[in-house]
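Quick heads-up: structures coming right below.
Heads up, the next two complexes both have chain A, just with different partners, chain B and then chain C.
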Partner chain A sequence: MFEARLGQATTLKKILDAIKDLLNEGTFDCSDSGIQLQAMDNSHVSLVSLTLRSDGFDKFRCDRNLSMGMNLGSMAKILKCANNEDNVTMKAQDNADTVTIMFESANQEKVSDYEMKLMNLDQEHLGIPETEYSCVVRMPAIEFARICRDLAQFSESVVICCTKEGVKFSASGDVGTANIKLAQTGSVDKEEEAVIIDMQEPVTLTFACRYLNAFTKATPLSTQVQLSMCADVPLVVEYAIKDLGHIRYYLAPKIEDNET
Partner chain B sequence: MSLQQALEDCLIDFDRRVLVTDLLEEYKLTYKEAHEKLEAYIKQQENSSAVKYEKRFVVHGMLENDEQYTIVQGDDKLKEWLSKLENSQYHLYSVEVAGGSKSAAPIFKPMHNVEVKLAKLEQRSTVKPQTNGVSNGVHKPAEISKPSSSKEEPSKPDNNAEEQKKTPPSEQKSKAKATTAKKGSIGSFFAAAPAAKTQPAKETKAAATKPAAGSMDNFFKKQPKSSSSQSSSIKKEGSAEEKNTSIQLFAEESEESSDEEEKLDKLRRNVIGSGDESDEPDAKQKANSKRRRIVDSDDEEQPQKKSAEKELQKPQKQQQEENEEEESMDVEEATNETFLDDDGFVITVKAKKPKQPVKKKASPTTATAALATATKKKSPPAASKSAKETPKVKQGSITSFFTKK
Partner chain C sequence: MGILGLSKLIADMAPLAIRESEIKNFFGRKVAIDASMCLYQFLIAVRSEGAQLATVNGDPTSHLMGMFYRTIRLLDNGIKPVYVFDGKPPDLKAGELAKRAERREEAEKALKLATDAGDEAEIEKFNRRLVRVTKEHSNEAKQLLKLMGVPYVDAPCEAEAQCAALVKAGKVYATATEDMDALTFGSCKLLRYLTYSEARKMPVKEFSYDKVLQGLELTSKEFIDLCILMGCDYCDSIKGVGPKRAIELIKSYRDIETILENIDTSKYTVPENWNYKRARELFVEPEVTDASDIDLKWTAPDEDGLVQFLCGDRQFNEERVRNGAKKLLKSKQAQTQVRLDSFFKTMPSTPNANASAAAKRKAEESKKSANNKKAKTSGGSGAARGRRPK
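And then the complex of A and B:
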């Protein structure tokens, strides 16, 4: 038996919104430690890793490890039926082929439940090695979303150059060239507005704008985003989900084509 | 592939009627060989499994001094006919599974591959029998097993094309003609298409249609010339047309104009409102005055015609000068004015936009210059340079960084 209850449906809505553009389907691996999802996008360029800790739920019960393959589009449709303040409970029997998602209003006057068919997904799980990143940038999530959106107008690719002076996002295309520099903030009143750069050595990497923009769909989940970079290693874009876990996006860098 | 192998591999579908003639043709066998192999196979099949085969025989003999050919079904009927006919002989004609539910192959089918080979007679490997879409159950063996003559087939058109490239067009024509005459079926025509592609389209047309009627032949002979010059002189033709119409509208009728042109001319005059002005002695003056009015009117076509007429009548230098004068005149007339003239025409003099005449008079050279500047504006050299300079990158895959669990 699996049962997980969240105080606010809006959190789950945001999580689904953050991943459904990249992934059509995904397997939620439930264990007593929580819920995990790891999946690559269709083109195998990016990887999404979602971790929801069991202690972040209002109620969490998982008697046996359970893998629930779900169509994320369908799940998002169901979650749209919930009010933001509703309690949401996910339930599934062991070896069940359906999952029940229940919404309860704050005063318990309205209770709605939706049953969704589960899928048998044959997805590969990748082992992500522990990596010491050369540069770790923490910056406002909204700012990162804005930068990605703006630079996407110039080029398909964004060059992220991280030095001790700051982090520079550049794009160059037919329209022209765009450069956005963010310097490390000295002292800010609000922690969520801070730009913090932890640099071991400078890094310059090129990434596809399209994926970065897809990652920024997780902006509502967190005020800050963390970009971890290292040469010839995928970029990690991490959004923390308050008191619950995190969502990490891994994006393979663009590499220079030596053949041409 | 041999017949024996095809039989063993069950490549021949006896659910449909299998003609022995087809087998002879397909596997290039003598009747005796094919018959023996087929009979042996049928016997083996009938013994090993409960499948019964239905045979048809072609019987030949004399009946009351008349030569008789017939196809009979089954051994009983065969014996009956053999006893009926004098000097009778028979051959196995077709085999099929008894009670086969699928539609039968056509009963009568001509043979293309003659068993008797004449000395110094080459086989026409390219010609294939047309079955009209009805399968007779014989699967075609894989291309590898095809005789060498058919293997060489695809390379032939290329050789042909190369030859055609080297030879002058006149010779090409005759060669193409020869090839089309050689190949009879439509299938062979399509097979030859790659060769035809390499030569100009006009020549293909000419060659393909030459075997047709003589009058058509003449037509196509002339056609390529016009088509070849067509692309280069599209602009000229266009201007010539304009000139013609302008002549009919404004100048005195020339003797060269055809009946149709005259009719058109009259129609246009009706539209304008005066029927037989051109017949009058002062037609030229009237035409000029009409032209003046048309310049002032709303009609967009007329100014073009007028300018075209001028092109015809005056040398270019004079024309330029006049155009400038007219332009200045047109600009001066700033307000719309409507009035009834002496001939009863309602004339609207429109305020001229200075842009229109410029457009109208833009010469091809200035147009190209303008186009060039426009393209220059679109892509500044620096931008294009920087685009070129940026190193090409390719998207890596996430799987190349992480190992599978």
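And then the complex of A and C:
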């Protein structure tokens, strides 16, 4: 028996919105420590890793480890039926082939439940090695989303260059070139508006805008975003989900093709 | 021509070996393509008002048109093709080739009849059946590829075998073909429908060799025997043994020798002097050029060369050719997107998924065939692909 209850449906809605553009389907692995989802997009360029800790739920029970493969589009449709303030409960029997999602209004007067078929997905799990990143940038999530959106107008790819002074995002295409520089915040008054750079070594990497823009769908989940970079390894874009866990996106870089 | 019913068998018994995805997900991949089959398809399919495109002298140019635009489309999607041309057919294929020659003769007769009767539709139908790829066509195609900066390989024998060798050596990612025998030759990955025109909106089917073996629970040797039983180009097969029977036999006896000892000869007629051993050798050790000796290089296109070659007598539109050349050049300059697979290691997948996926697929199929009589939507596709005579 698996049962997980969250006080506000809006969190779950935001989580689904943050992953459903990249992934058509995904497997929620439930254990007594919480819920995890790891999946690559179809092109195998990016990976979503979602962790929701059991202690972040209002109620969490998972007797046996359970993998629930879901069509994320269908899941998002069901969540659209919930009001933001509703309580949401996910329930499944052991070895079940369906999951039940129940919404209760705050005053307990309206209860709706939806049953969804589960899928048996053959998904490749990837082992992600521990990495010491040479640059870790924390910045306002909204700022990052804005930069990605703006630069996508100029080119398919954006160059992220991180030095001691700050972080620079640039793109160049037929229209011309665009550069956006962010300096490290001098004095931190409001933590959520700060740009903080932790650099061991300067890094310059190129990434596809398309994926970065897909990642920024997670912006409503968190005020800050953290970018971790290291030469020749995938970028990590992390959004914390308050009191519940985090969502991490991995993105493989673009490289110069010197073979041909 | 491939192995009869193999793709359907794989879909039924090893569904996890097949993955469907969009063409754009194959960016950055190098693929080997059987050129002779492509040329044949183009000569049949690329037509305007039923007639082949031609030079001022009436020599066909359909194959060049097809080759030019298909290659551009692949490169535009970030896929790097290498074309492999057939060499001489193996001796064992003589039987199969004789059969094809027979069919051609029949078609020729039928064409005569139709011409006498003046039946336009029939004339066109049999005209298409008479299409064959000549040395001349191949040479023109090679010349075109050179100008486009796309590499090609001359196989000493069967192109499929050479493609498989390139894949096995890691020179390319997959063989893109409609013939399933690339799998029998041991191509680790086989892509179907990759070369189809975009208009069809078909997803590319990716077959993984190791997952095929895993799903069918066979070794590579047993898989080859299975393919021979199912019917290949190189020898006859036992009458009355279809795909289902073939896999049962292989699973209980493990090789053709043992099957022959145990088979009920009153029910099944084994061909006389059945040459399955030679066929097997052909699959195990085909005549190919050592892939490590092959150097694949994609270079910049020669725009003026292309214009000179395609326009003029061959009547291509100069503006379009120049645009094509620009696209080729552009595809060369783009940076390459890396995949996560090259950084993170895959962990073993869930073992029970295979069985249940197979069960599910079966259930869906039976539902489908119950609803409408035109079942077999999944495996077949035979009607759409051109057979290749030689």
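Just so it is clear, the second predicted complex is superposed on the first by the 258 of 260 C-alpha atoms of A that agree within 3 Å, B and C clash if a C-alpha of one lies under 4 Å from a C-alpha of the other, contacts with A are read in each partner's own complex, and residues count from 1 in each chain.
The rule is simple: a residue touches a chain if its C-beta (ideal position, glycine included) is under 8 Å from a C-beta of that chain, and two chains touch if they have at least 3 such contacts.
As the structure is a prediction and not an experimental result, all values here were calculated from the model.
Asks: Both complexes share chain A, so when I overlay them there, do chain B and chain C fit or clash?
Replies: The answer is clash.
Asks: Touching A:44 in the superposition: chain B (first), chain C (second), both, neither?
Replies: both
Asks: Which partner chains sit in contact with A:157 here, chain B, chain C, both or neither? Use first/second/both/neither.
Replies: In the superposed model, A:157 contacts both chain B and chain C.
Asks: After lining up the shared chain so the two structures overlap, which partner does A:254 touch, if you call chain B first and chain C second: first, second, both or neither?
Replies: Both: A:254 reaches chain B and chain C.
Asks: For A:65 in the superposed arrangement: first (chain B), second (chain C), both or neither?
Replies: Neither: A:65 stays clear of chain B and chain C.
Asks: For A:176, is the partner it touches chain B (first), chain C (second), both, or none of the two (neither)?
Replies: first
Asks: Which holds for A:84: it touches chain B only (first), chain C only (second), both, or neither?
Replies: Neither partner.
Asks: Is A:208 in contact with chain B, with chain C, with both, or with neither (first, second, both, neither)?
Replies: Touch status of A:208: both partners.
Asks: Touch check for A:126: first (chain B), second (chain C), both, or neither?
Replies: Both partners, chain B and chain C.
Asks: Pick out the stretch of chain C that clashes with chain B after the overlay, from 2-10, 38-46 or 56-64.
Replies: The segment of chain C occupying space taken by chain B is 56-64.
Asks: Residues on chain A in contact with chain B in one complex and with chain C in the other?
Replies: On chain A, the residues that contact chain B in one structure and chain C in the other are 40, 44-47, 124-129, 157, 206, 208, 233-234, 250, 252-257, 260.
Asks: Taking the touch rule as given, give the residues of chain C at its contact with chain A in the complex, in rising order.
Replies: Within the complex, chain C touches chain A at residues 16, 21-22, 24-25, 27, 80, 297-299, 332, 334-347, 349-350, 353-354, 356-357, 360.
Asks: Under the touch definition given earlier, write down the residues of chain B that touch chain A in their complex.
Replies: Per the touch definition, chain B meets chain A at residues 379, 383, 386-387, 390-405.
Asks: Please give the residue numbers of chain A that touch chain B in the complex, ascending.
Replies: It comes out as residues 40, 44-47, 124-129, 157, 172-174, 176-177, 206, 208, 233-234, 250-257, 260.
Asks: Note which residues of chain A are touching chain C in the complex, please.
Replies: 40, 42-47, 67, 120-129, 157, 206, 208, 233-234, 250, 252-257, 260
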